[in-house]
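I am attaching a structure below and will ask some questions about it afterwards.
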Amino acid sequence: MLEVSSLKKVYRSGAREVEALRDLTFTVDSGELVCLVGPSGCGKTTLLRCIAGLLEPTGGQVRLDGREVSGPPPGLAMVFQEYGRSLFPWMSVRDNVELPLKQKKITRDRRKTLVEQALDAVGLAGTESAYPWQLSGGMQQRVAIARAVAYEPSTLLMDEPFAAVDAQTRADLEDLVRALWQRLEVTVLFITHDIDEAVYLGQRVVMLSSSPTVVQDEITVDLPSTRDQLHTRADPRFTELRTHVYEQIQAAKRGLQLGGAGASS
Amino acid sequence: MRGLTGLAGLLVLVELLPRLGLVNDAYLPPTSRIAAALGDELVTAEFWQAVGDTLMGWAIGLVIAVAAGVVVGIAVGAVPVLRAATASTIEFLRPIPSVALIPLAVLLYGTDLGSTLLLVVYAAFWQVLVQVLYGVADVDPIADETARSFRFGTWARVRHVLWPTALPYVFTGVRLAASVALVLAVTAELVIGAPGLGKSIAVAQTSGAVPLMYALIAVTGLLGVAINLAARAFERRTLAWHQSVRGEVPA
Amino acid sequence: MKRVAYVLGLPVVLFAAWYLLSAGSESFYAPPLSTILESFGKTWTLDRLGTDVVPSLLRLVAGYALAAVIGVAVGVTIGLNRRVRATVEPVLEFFRAIPPPVLVPVIMLFAGIGNGMKIIVIVFGCVWPVLLNTVEGVRAVDSVQIDTAKAYGISGPARLGRVILPAASPQIAAGLRQALSIAIILMVISEMFAASNGLGFTIVQFQRSFAIPEMWSGIILLGLLGFGLSLLFRLAEGRALRWYHGLRDAQRRS
């Protein structure tokens, strides 16, 4: 379970202060898949770095499975947007997936099994000894997902992971994330700027305001839990939810707070 | 600001090491004595003559090396057959240490400026040539084909496509060559005895004037820093111009 | 076939031209190539290689290896600490700018004229490019790579060995390449100054005694040595940085 309460982050450079996060409170229950959307430049990256323990918040706190985050927490894995920079180009696919496991002092046999299972789960069996840069962008992001999966986290943080891949690959990867989430029963916080993606993937969607950021609105996505690209996106309820999120984001860009719209439950 | 602290720290360290007896002051005199020797030296005509000689060897050698490097580099780089045919020869000649030519320089020129120039030109030439060849190889094939499709002649292609692309590389080459040229100029003076700072250092050493020797070495270091800074500033300005020009043209 | 012609063509032509043009040479300073080659065989016998070339090479290897280890170790320490870096960078730039051969007289004061002096000279001359390039390489490690390492709990020696050093390795290799040519120069210069054996010493002896063909053969040997060492370096670098060259090619194609 991930709890973010009254989170605040102010950047200081010399005498200038920039307030990135003002007052953020939301929770993600264990085993839940929540998507965060917001207008561009809404402090998503700052929020994510605070949750991942890479950045010290100015106020408020982040708790993961009951413990306050004050450095990278052990039960958390992260998938970065910049897959090309997040995978180490000097290591093979196998070594990239295995390195964090070595740090966890997992035995060699167990590591081997985990790496194989993870690569298999993302559909990359057979690429173990390739270098990441020999693969396509979509495949590189699959390697990054495999690295996160093999780490056996309780919580998976995904930072706009598909922003840099083409539309068709993106659809495949979205289905992969849903499948992995259902199978592994992990908590997933998925950050995106794509409204369709947020509604398609999430059980809940949390919308952020422009910077300085607060929670603008929150909806539960009451679509059937088996989703597919063809039927889910054609569902009238999908369109309604989408429209609601879109309106909220537009309002957020103008700095407005819309009253409770019909879609939220 | 912090950098100044570092430099000040070095001066204090060199002052204290011999004063505290940690290092024999016959080998490393304290900063104050080195500074005093430098002060005495700065007012002599011989010192400025030596600085002038070193800079002269450096400048003439650098100009020859840059001119030769650019001309040969463009000629070889622009013609694919020539590039292929000379690659192995360049790869063979480039790593030959220029100091191997010292005996030859002594025989040919004795202790004249010519000795210095031979070493300086040989060492600096390769730095320029290799960078120019990189630059020419970096020409965008689309740009070159565009020029061809508009029936540009060879000269026009060199002038409008090849040269602008290679220019940043040329400046990198000049910057590298400038520091290598100083090293070789001082080396030639030191080892062969051609006039200049290097020779002054050798004289100071043989006459046991240790503080003066350190002072002169510091001067060569400062010259090197000055040349580096000037070359980098020059390069940055030209590169900034280059990038702004590129920025306006949609890729 | 065509490639072989390109690789060997010009060298063969140049060699033949030198051979033919110098064939009847009466010039004292430029003896016929045939004479030089003959003296090459006579001069650089196995005996000679053992007494002059091997000591030179040993000093070169010792000094270069020490400089590499010190340069990388100190460079990583400085590169990881912003304050230290800002403080010492001008001092390092100053030391790098000193033409390395002028260190020979200084180090002779401390270390005399033995092997120790020559190795220290090589270390002192070579350490700066390695050090400064390591500082620069460590400083420029991609922030996403560092964040990834932190997020996955890769810390301490593993972060240094598996992330920071590999990320900086292309830049470190560039420093090592510069250091190699400086090492050869200093090996020769330190022997020209004060030695009783070694390549530099022998070549200067030939020149002073006007043994011109022998001197030329020494110059050729030095050239071959420089070429051979840089070839070895390129092979080692190509192997160690295979990922880097592959990555760059992949980026260029896209």
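First chain written, first letter: the chains are A, B and C, and each begins at residue 1.
By definition in this document, a contact is a pair of C-beta atoms (placed from the backbone, for glycine too) under 8 Å apart; a residue touches a chain by one contact, two chains touch by 3 or more.
Bear in mind the structure is a predicted one, so any value in this text is a computation, not a measurement.
When every chain is reduced to the mean of its CA atoms, the largest separation from chain B belongs to A. By C-beta contact pairs, the most connected chain pair is B-C.
One inter-chain figure worth recording: chain A and chain B are separated by 52 Å, centre to centre, where each centre is the mean of the chain's CA atoms.
Centre-to-centre separation of chain A and chain C, using mean CA positions: 49 Å. Chain B and chain C have centres, each the mean of its CA atoms, that are 17 Å apart.
Under the contact definition stated at the top, not a single residue of chain C touches 2 or more other chains.
Here chain A touches chain C in the complex through residues 49, 52-54, 72, 74, 76-78, 80, 82, 85-86, 88-91, 99-100, 102-104, 131, 133-134, 147, 151, going by the rule given at the top. Listed in rising order, the residues of chain C touching chain A in the complex are 142, 144-145, 147-148, 150-155, 158, 162-163, 166-167, 169, 243-244, 246-247, 250-251.
Touching chain C in their complex are the following residues of chain B: 2-7, 9-10, 26-28, 84-89, 91-104, 106-108, 179, 182-183, 186-187, 190-191, 198, 201-202, 205, 210, 213-214, 216-217, 220-225, 227-228.
By the touch criterion given at the top, residues 6-11, 14, 29, 83, 86-91, 93-106, 108-110, 181, 184-185, 188-189, 192-193, 200, 203-204, 206-207, 212, 215, 218-219, 222-223, 226-227, 229-230 of chain C touch chain B in their complex.
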